[in-house]
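Data first, discussion second: the structure below is written as structure tokens.
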Amino acid sequence: MIEIPPAFIYLGGLLIIPILKGRLGNLWALIIGSLGLLAAVLIPETSGGITLQVLPGIETIILTMDPFRHLAGIIFSLAGLMAIVYATYRDLRKVQMIGILASIAAATGIVYAGDFITVFIFWELLALASLCIIWASDDIRSGGAGYRYLLFHILGGACLLGGIVHTIITTGTAAIGPVGDGAGLILMLIGIGVNAAAIPVHTWLPDAYPVASVEGSVALCIFTTKAAVFLLAMIGGWGVVVAYLGAAMALYGAIFALLQDDIRRLLSYSVISQGGYMIAAIGAGTAAGLDAGIAHMAGDIVFKSLLFMVAGAVIYRTGRGRLSELGGLAKAMPVTALFAIIGGLGLAGLPGFSGGATKGMVLEAASAVPFLTPILLISAVITTIYVFRFLYFIFFRVAPGECSSGDAPLPMLVAMGGAALITVAIGAFPNLLTDLLPGGTVAHPFAVSHLIESGGILITALILILLLRPLRRPGEGWETDIDRLYIAVGRGITWISAEPLSHGAEGISRRTGSLITVVQRASANPPVACHIAWKTSVLPFVRVFSDPPAIQRYEDSLRELRRSYPDEQTPIQGGGYGIILIAIVAFLYFLFDLIR
Amino acid sequence: MSIMEQLPVLLIIGPIIAALIILAAGWHDRRLCYPVMLLSITGQFIASLVLLLQVIQDGTIRYYLGGWAPPLGIELVIDSFSGFILSTIMLLALLAIVYARRSVEAEVPAEKIVSFYVLVQLLIIGLVGMTITGDVFNLYVFLEISSIATYTLIAGTRSPRSYVAGFNYLIMGSIAAGFILLGIGYLYVATGTLNMAEIAMLLPASYELSTVHAAFLFLMIGFSIKAAFFPLHLWLPDAYTESPSAVTVIISTVMAKVSVYAMIRILFTIFTTAYIIESFPVTEFILLIATIAIVAGAILAIAQNDLKRMLAYSSISQIGYIMFAVGVANQIALEGGLLHILGHAMMKGCLFMVAGLIIYRMGTSNMLELRGVAGTMPISCAAFALAGASMIGIPPTIGFMSKYYLVLGAFEAGYWLYAAVLLIGSLLAAGYIWRFIEIAYFGDHHHKGDQTTTPEGPISMIAPMVCLALLCLILGIFVEMPMEIIGPAAMILLGGI
Amino acid sequence: MRTKALVAVIFIGIILFWAVEDMPAFGDPDSPATRYTGEMFIQEAQKDTGIANIVTAILVSYRGFDTLGEVIVIFTAGISVALLLRRGGRL
Amino acid sequence: MIEVIFDLFTSHYNYWMAIILMLIGLYALIAKQNLVKKIIGLNIFQTAIFLFYISFAEVTGGTAPVYLPEGAEALYVNPLPHVLILTAIVVGVSITAVALSLIVRIYEEYGVMDEDELMKVVRER
Amino acid sequence: MIWELDFALLLFMICCAIAAITVRDLLHATIILAAYSLIMTVLWAEMNAVDVAFTEAAVGAGITTVLFIAAISRTRRSSSD
Amino acid sequence: MGDIPGILPAVTIAIPLLASVLILITGRYENLRESVTIVAAVAMLGTVLAMLPSVLQGNRITLLIIPMVPGGDFALKVDAFGMVFALTGAVLWLLNSLYAIGYMRGLKEHAQTRFFFCMAVAIAAAIGIAFSANLLTLFVFYEILTIITYPLVVHIETPEAMRAGRKYLAYLLVGGIFLLAAVILTYLLTGTTAFVPGGFLEGTGSPVVLQILFLLFMVGFVKAAWMPLHAWLPAAMIAPTPVSAFLHAVAVVTAGVFGIVRIAGWVYGMDLMAALGLGTLLAVIASFTIIVASLFALTEDNLKRRLAYSTVSQLSYILLGVSMLSIAGMTGAMAHIPIHAFLKITLFFVAGAIIVSAGKESISDMKGLFQKMPVTVLMFSAAGIGICGLPPLAGIISKIYLAIGAVEGGVPILLIVIIVSAVLNASYFFPIIYTMIVEKPEKEDALHDVSEPPLTMLVPIILTATISLLIFFFPTMPFLDLIGIAVAEITGGMIP
Amino acid sequence: MRENVVIRTVSRLAVPFIQLFGLYVIAHGASGPGGGFQGGVAFAAAFILMIIAFGIADVRKRINNRGIMIFSIFGIALYAAVGLLSILYAGNFLQLNVIEAALGIPHLHGILIDIAEAGIGITVMAIMISIIYDMADTGGESA
């Protein structure tokens, strides 16, 4: 059997991208994507793995295998392929294509990595790849967003490294597994948390995703957070804190999603929210929780990317990306609308769609931790509300103006179709997914309790929609998040480095320079300089103890001395002073002799 | 082997005869005096080397003039210290004479060349005499020979200003000579002899007499003036600046070194460490002044615009280094000090030669007018850079080695602060050396287009300069060689064997 | 200048007067100088050189080298003055 | 007390006077502006030192260091300082000659003889 | 040797010295210096230093004075101080 | 394992020296002169490589040249750590020479002979530092390096350059003086200055003296540009770019940190350092430098100056590694020397290439440069990413070791420093990359006549970047192997 | 110089005496006060007197710069020769008694001293005249 880590297929493939022209690149990317998927599927679960000895003393396991990895690898490859397919609707910038391929590579790399060092390397690669994607956007905001994105991920990566190193030292191995406690745990959590968009380090996500290109945001939404979640799951052994963190994310993301106007920003918060579900499940710590987390991850990858694809298609066709500007696209883009509904319902967790199945698993797993379930349920309700809001405003309300020039292009439709199909398939037959889970957890989306649960969520949501009528007010949207704080801090640091620091340094060098000048000038005529210095230092006393005319005279003489001070060394000196000096020195010797 | 035995005195008599021949030959034909001069100096140089070898092999050479043993007669003493200084100054003198020919042609009126060379020869006689004599009064006599020759050589030739410089030096020098004479008198009163070794032997009995203290004081002051030991240096900048280049080279290397030599002789051979460290701990005071000298000289040098003047102030600073060794007064520091005598002679000689060549070629030594001079005078400026590096104390030049010994000695003696100041002084040296290097090499590259193909100066001027610059480097690397002589010399000074 | 000069002179004067204090008395026949070399010369000169004037004997014989130096000094002075003042001529 | 001082005086007055002369010479060297005056001062300074030397050569009741006719015993003064001073006098006159020729030269070049003026002129040129 | 005479001579010398450096006419100063040298000669002769006295007479009072006069004749006779 | 005498160290140093003389002689004939440089560079690389196998076997090649002064003979000794530096220097001199030829010709610079002459002597001095067997020899070469790089720094000879040169010289000479004092003090304390793996100062002086001595050493190695004694480095950016590249990557700053590592490992020894609390001191200095220098870099608009601050910051990683006093920290510190060298030289090469091709020095002027010189900009981005410690470039390797060292050394607080500095690094590097690649020039024709630099410049750029990449993939050969030997030498242990 | 008959006449009379006195002083140096130096100066004084009386140009006819040069060289050479002579006789420089012993001539020592004194005297005379010439003469020698 082939045992090529898929990551290397993608990485090898992207090297050729720059020299390919036009559609050839797209084609190549598709081939690579397919190959990668193939490789991911074909890796036997019994594989012994591939180990490289790169750094002395550290074994780098680039390929290791277990059911989770198999599942995640396939999902990531598949989603990657979909993203590539979606992206082929036009000639992409090479950077972007490279970014997408690199993202897939990095994500699969993380998945198959057997040790922390490898994880870390791919982790950073993922950040860079995402940065490529973001910066490839035409949106002018992408520069700043990408920058902030990067800083967060560098921070995360560095923290992760710290955590990893701590783990290696405390546990003695770099193999992926439970970390120690203390600093290592915190660092690791921060590191993973950044990528998983855990609050309060989530702000990069709603910041960057909306400004990426349409196909870029699809690729983005698939990998970063999900890879983090996967790693979280792989490490395992987290406490309830993580579970609550997940719950908080779920609620927080959901609420913010509700408040958004920009459709991709809405979806971005949704990513946070759904990530919260996964983390909550993983944080529950049970095998079922792990299974649920991974399952939800798989599901979410599919329907969330579907929704991003839809949003992308909408933006592509209309050139607008805000709920308040859109409307009535169902007629113009019927297929897209259909896929959107499928994706939306999947997100809302309606039974029959993948979200229904996996969310149910999460809720089940969450019951192991007190108070977790209610929060998640509330989040689910809100999720449903914003999904409705999303669908309604884009597709069904009365159009503020006709603007679409037809349905999405074929590649988009294909990709969306694939994703929709999977969503529905998993929703209908959860076994497709759950069979792959090692924990053996099964989903019961159609069990009565679940139906009641889902029904309850749906009804509550409907009631709330009717009560609050949020649908009528597409409004400005609430785009303020705690990222304002971070930006302020960043500006502060920049200011510090630009103002006090550099001015301080300048001041020091100026002082030094003037000191040197003084010395240089003084050495031009030392006796006079000494004279001036003496007179100047006596001046205050003279001012205090003399009468005004005397002070005046004194100051005048001082001024005159200064004025007549030579700029250049005076040549030739009289002999008389020399002899006086001789006398003085001789006397000094004499005094020294006397006092010895 | 009688010639070998007579070598010490021939070292003085030979040149005296040579001086007479120069005068007579020069009267006949001016062109004759230079070859005679060169011949005589070469002979002296060879003789000094032979003597040095003898000293290394057989130990101290003592020569009783007239066959009268001290204290009646005068003796010439060549021990490793004076042998070392002797060969150093003769080397420098030889190179300076080689250098002098064209420089003098350019700077000294033709009708004065004969007397000029005679005076140079007399100056060297005086200095050699000062070096090898073992009698204090004889020292004084030779000091006066060299002084009078110097006054005139400084004043004689170049510019009207030089008269004033020469006159000022004359006044100072005469006072110095007077003080030295007075000091010698006190010593004589205290001991009844004039022979250095005997004085050293007899003196301890009267260490506590104020007469001896005064003798020490006046000798110290006198030689301080002659050696331009800060702050009694006032004559030096003008003298060095205004004298003709060749003279500057000679007095800055040979004369200054011999003055310092004499001072060290007085301090260590006559008064011995027992006096200057224990009875009257003047070394601490000297150390203090030397440190001030190092810094002050360097700072003053930085402020100069005239190249020669800058180098002159640098000499003040460098003499401070040598006196620093005296102040520390232990074996290692003294070795460093003696090495610095050699090193400074070579580097300052080289630097003044460069300055002279620049004057020869460019007609000025004002640094502000010398922008980009390295383009036209690459060899000179390279020599300057090398010797300058030595001055700063960049390893592996000789300047570094001596500085290293000095600092090592100072550390060993526990003079941390002074050593620190010494190091700062070398930094300041970088300040003034670099000033010229900046101007010469990096002053203005727009003017460098005129890469003239004409040689930058006569080969007779370039060769000694380059030779000295290379010596700075070579002797720095093979510093063991001079150290073989310097080690015993320092030991002798400290009262060892 | 004059006050400074006076102060300087007084400085030197103090040292000189201080030094004189420990000197043997004026005309003291027992001073080290007189006892040591002084008597030596007086005893030896006649024998060694056979001339009556001890000063001359010392001058030319014992310390003949000094005298040579002295002649050189005056020679130097002559050449110096010639160099400084003489116009034309061959020197 | 007075006796002690008197003794000190009689035993050292020569030195004292020599010192005073020295100081006068030095004073002239420092304070006098005229260059010739300086040289006069220098001369005085030097001769004072000579006097100093001759003073300590003196032996009370001695005779000049020229051997008296055969057989006559006498107390001679110390001849060595005399020899030294003979040399020193020559040196002194040499220096005087050089100094004076320098002064002549300076006067020819600058037309001044006073130090301050000279410095002024030199700097201006 | 009579110290009183000695002393008187010395005092006189000091007077001469002071006069020599105070007189404004340089020629006068030179002559006073010659007188000073002559007194010095006497003093030395009296101190049994005949050779030195002889030399001083020839040099100090003779040659030196001549040199001074020659120099003054080539420069200026008056002095400002 | 052991000391074997050999002449090769001296030959290695002699080759560039000889070349420098030849350069002076052949100065008038450009091609000849430059081929001399290249031939010498190749030859020197050859001799270094010839010594490599032996050193990799754990041997040390020793050579006593002459006895010099008490406190040290003029002696050379090639050990593993010196080899790391020498190998870096030898490789980079070759590349840098190639590049410099292109650069100098491209800008039609004046005084090229002087330039190449000084370069040759400088590399000789740098190699000398690497091969020094004792403190004194090291000092000798250190000072030579100071002086000989000065003409390079002030090459353009404008008043500003002269000022910068003065600053450069002032700092470095002052440092030299402190170093000299330290060397002498060491000699007085121990009677020797020869490097001994694991240090030789143990028990020779009171703790206070040793602490002061260490401070002297620190100030002495001001070439390491630790803050607040860093100001010379940004000032020296006035130099032509090959010089900056050379200074930053190979010769000067690296020599400084090399010295500090030498002191820590071969003079003090890690145990003594720990006992004296010097690790803490070093850590404070390094941390301060890392962070503050990054802050300085943040707002600097001149590319080379920003890179200079980056260097200041990066070099302190090495100090940080040393300060951890752990095996991994030491490994990271040593590994960072070649790694940083290759990365930073790439960056400077690119900066120079931009100056030659586009004539731009300010980052804000470089918008859209990617379109015209994609390869160059790409290499810049790669190297920048590498410096930030991101895969797949070499920077990550040392960073990992440093992080391990921080935890291993029991100072996890240093992890925070590494983390913060990582963020800061990214925050000043990526805007450059963004500007070059993503942003559009303000005026359409602003980059009209800009194209890729000539091949002599492009090839070195690509090569250095490639080497950085290769180091990531094959870090052990030879650098980590050498470092392993070196670390084993000073700790008696093995590489982690 | 003003024409002054009295001075001229007196000078003309005095000069030979002074010169004789100089010679005497030089010769007498061994046995009494006096010696080369004093004699030389006295000799020079005679010329000074002549200069005062007759003017420089006149005196230059008797002894010109060349003569001075030759005299001064001769004087020093004489002294040095005496010193070197003793080297020839395997003594140290100026070791006059070696010569005396070698040649066996009694009182040679004293004679040699006199010769040396004469050398001194000649040189001093020549140099003194030279100095006076240079100081007093503003024109210089035409030759």
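First chain written, first letter: the chains are A, B, C, D, E, F and G, and each begins at residue 1.
Note that in this section a residue touches a chain if its C-beta (ideal position, glycine included) is under 8 Å from a C-beta of that chain, and two chains touch if they have at least 3 such contacts.
Here's who's who by UniProt: C = MrpA C-terminal/MbhE domain-containing protein; E = Cation:proton antiporter; F = Monovalent cation/H+ antiporter subunit D.
The structure displayed is predicted, hence computed values, not measured ones.
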Chain pair with the higher count of C-beta pairs in contact (D-E, E-G): D-E
Centrality ranking, top chain (CA atoms only): F
Most remote chain, CA-based centroid, reference being chain A: G
Centroid distance [mean C-alpha coordinates] between chain E (Cation:proton antiporter) and chain B, Å: 37
Averaged-CA centre spacing for the pair chain E (Cation:proton antiporter) and chain A, given as whole angstrom: 103
Centre-to-centre distance between chain D and chain A (centres being mean Cα positions), rounded to whole Å: 95
Sites on chain G at which at least two other chains make contact: 31-35, 37, 66, 69, 72, 76, 80, 83, 93-94, 96-97, 124, 128, 131, 134-135
Shared interface positions of chain B, touching two or more other chains: 16, 23, 27, 65-66, 137, 141, 144, 148, 151-152, 155, 161, 164, 167, 171, 175, 188-189, 194, 213, 217-218
Residue numbers of chain D (touch at least two other chains): 10, 13-14, 20, 26-27, 29-31, 38, 55-58, 60-62, 64-66, 76-77, 80-82, 84, 86-87, 90-91, 93-95, 97-98, 100-105, 118-119, 122
Pairs of chains, among all present, that meet the touch criterion: A-B, A-C, A-D, A-F, B-C, B-D, B-F, B-G, C-D, C-E, C-G, D-E, D-G, E-G
Residues of chain B touching chain F in the complex: 332, 389, 392, 394-396, 400-401, 403-405, 407-408, 411-412, 419-420, 423-424, 426-427, 430, 434, 438, 441-445, 448, 477-480, 483
Chain D contact footprint on chain G (complex, rising order): 31-33, 35, 37, 124, 131, 134-135
Footprint of chain E (Cation:proton antiporter) on chain C - complex, ascending: 27, 53, 55-56
Residues of chain A defined as touching chain B within the complex: 519-521, 523-524, 526, 568-569, 571-575, 577-579, 581-582, 585-586, 588-590, 592-593, 596
Chain A-touching residues of chain F, taken from the complex the two chains share: 167, 231, 292, 295-296, 298-299, 385, 388-392, 396-397, 399-401, 403-404, 406-408, 412, 415-416, 418-419, 422-423, 425-427, 430-431, 434, 437-439, 473-476, 480-481, 484, 495-496
